[in-house]
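Following: one structure in structure tokens, then a few remarks.
Chains: A, B and C, in written order; residue numbering restarts at 1 for each.
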């Protein structure tokens, strides 16, 4: 495996093999497998799980890693092609990224959406421009519209807990004080569709996922026997749900318009997942969330502190599935 | 050993065994002892010695570590229970801490006192709330009222230099431009009392150590044959002293009142340890300080640059005793 | 080797041996050579290449490293002797540096020029004061007036690409929005002179390199058979050049005077290296730059994206030559 950028780049049996490898490494550690190998990690945006779990995963396999955080200990990096660099950024990614790639055996890059222009973010313009500069194995640590490590960890989490392949997976919009990127919702619906699930996107008006994201998920569902639809009706969505996957994202009807978005979401503080979302129609339903989550804003304490919540297992599985990705990428299986 | 949170959790012979192990690892390195083990380090506050020595210590034992600094490369973490998280913090410690614990074999946490409410700080409310969330071995990297790694390093330093077990240990308040936490003074008086020393706390009016701290030290002294008292009389305190342990801390009479504290300490700039503190009554007396120290503010150049100063050895011993803690915690002896 | 502070501390055959070792490690990795060894890295200034390549290099040799960035996760460090420390800095380098040295087997320090007083910067006052405090092997990661790791990487890069030992090396001033230190130009002219090259310093009026730097380079040239001169005439300088080494630096005629410098450089935005610098007189000439480089400000896209540019190889060679330095320093050959 040379690149781990999008779960959609893999066939279902390739994903199954990765998850099998993850389970094997979970039970039978191989502490010298990646001895002498170096992982470079570049974070254009904050991180907790990705930062800690990739360093830990490399070390558990006997390898090592370094972390670069542009603008913090390192110069700010310019990403615009052709820029006349007389501002704050001292270095261009066209120099910085290949240099870092030359110091390691695999590189991971995190670069969130700018959340200004939807077409630009959907096209992964920024991440793709950097990816083209890398001649080493490359991992997407979350780009404008994707988060494959999270998606793979979520898949394993549902397998671990026996959530049926054809169960109902409800991706529900949740309130957040400001607009967040579409990367996790896009990755989650695609993953659940690829797993063969009955996927429902529950979101208020103005927050529909873009057609590109929905059609990509639908085409995965077509191959796996799953389905994908969207609704603003909570009762309809949650009936018989196996999973509520809560996630905050920005308005797509006024994408990039912070004031317009704020006006829309100002009416939506009720979209905080509480116990009464579950009780009537989905007694065994679990709560998933990629974290970080704002307590009592996106999800209430009563849910996060209940046995319904499997967010800790999702986070732990980040470590496990990433070790499988690193292993397959750097050792070759 | 599952937890290293407070020297008071250990019997004297357990401390002796730890120091014995530290001396053994100092002379007979075991570079593969902790191969494959991962230490997670979480710093809510700045660090130099702790940050460098724990990473170095793990590596010297063949292990590895990762560092998380909330608010810097990582989201700010909320600590208040039940908070409605619509402010700056994107993640709660109730998620963040267990997640990080799941990525490592032992976790260290640094979280200084808030210095607002004395009872709250004395109760270690914040640190204990986080400690309850950790199901892995846990190390206190300095909490509101404790710093057991520093205390253990200080104990070894006095052993290394032949300071008598029943010698006089003077913890002296020293000037600093603003109020600092009580963690190190509390840990130092308890450690010296537990070691069996004649402990004198020398401090100006308004800076007495809280009764809880004094009585904990006195009860350690009762078991070890030492003693603990306090005074504002420098001549009395320093007569025959073996150690002046200089430390800056905030007023306890107006704890949490920055203006009141500033008014009190404004008169106390003379509490900078100088050569003339020693010459008359304690010619062989040594200077200890946990560092960082403000030169010519808390302690004068003439003292820090003289052979009296053993601050470098204290700092070096941080590495050595922490290796013993890690070894006992992760290898089990 | 105890110290790697200045290429001028070594004889030419010692440099050759280091480069030979670098080539050996490049083709025959020794992944356990420095097992159990710890490198401490202290960055008073930002870094990308140095930060990543030293961590990677230690790991590739089986060792480990820790990074300290004063003012970021760590207290600010005071450097002035005799300072009364009642300001922002909580710790003095007189404590901090020896403490960090006691936690590792070799220490690297980066401390840029203050760019206020030329004599002070030329004397390396700040770096030397810190170096005196270190009793472990020490590496200069860029000081006020030197950057030996960059110089060694540049030397290897020219060897790799068959640039003749007696070829013409033109260090050309390039535009930058503000004054930068003299470390890289000083190190580059000395390195090229020591390599035996025909060195020409091309710079506008007001930006002549200080006599100390020129005479040091000339004395290296005298021993190697090279030569060193300066000019403001681009056509003269570039005739027959093998290398244009572009670099931005501050005015030396008004050193430390930001306004005076800004006025001078405001007229010099034309000093951006473009294709037409090459075509007429030096068709095979290569572009070197230590990076970071501001595109279309110091060097145009058309040059950086052309085969003339060897900046990536220079950056990659940082890793390779530093592994040789670490190997010789920590293993002894």
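Everything that follows uses one rule, which is that a contact is a pair of C-beta atoms (placed from the backbone, for glycine too) under 8 Å apart; a residue touches a chain by one contact, two chains touch by 3 or more.
These numbers come from a predicted model, not from an experiment.
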Overall pattern in which the protein chains touch one another (line/ring/star/complete/other): complete
Same vs different contact residues, subunit A with subunit B, by half of numbers used: different
Approximate Å spacing (C-alpha centroids) for the pair subunit A, subunit B: 40
Overlap residues in subunit B, where contacts from two or more other chains coincide: 64, 72
Subunit B to subunit A touching residues, read off their complex: 35-36, 38, 40, 63-64, 66, 68, 72-75, 78, 82-86, 90-92, 94-96, 98-100, 102-104
Footprint of subunit B on subunit A - complex, ascending: 29, 31, 43, 46-49, 51-53, 55-56, 59-60, 62, 64, 67, 69, 72, 177, 291-297, 301, 304-305, 311-312, 315-316, 319
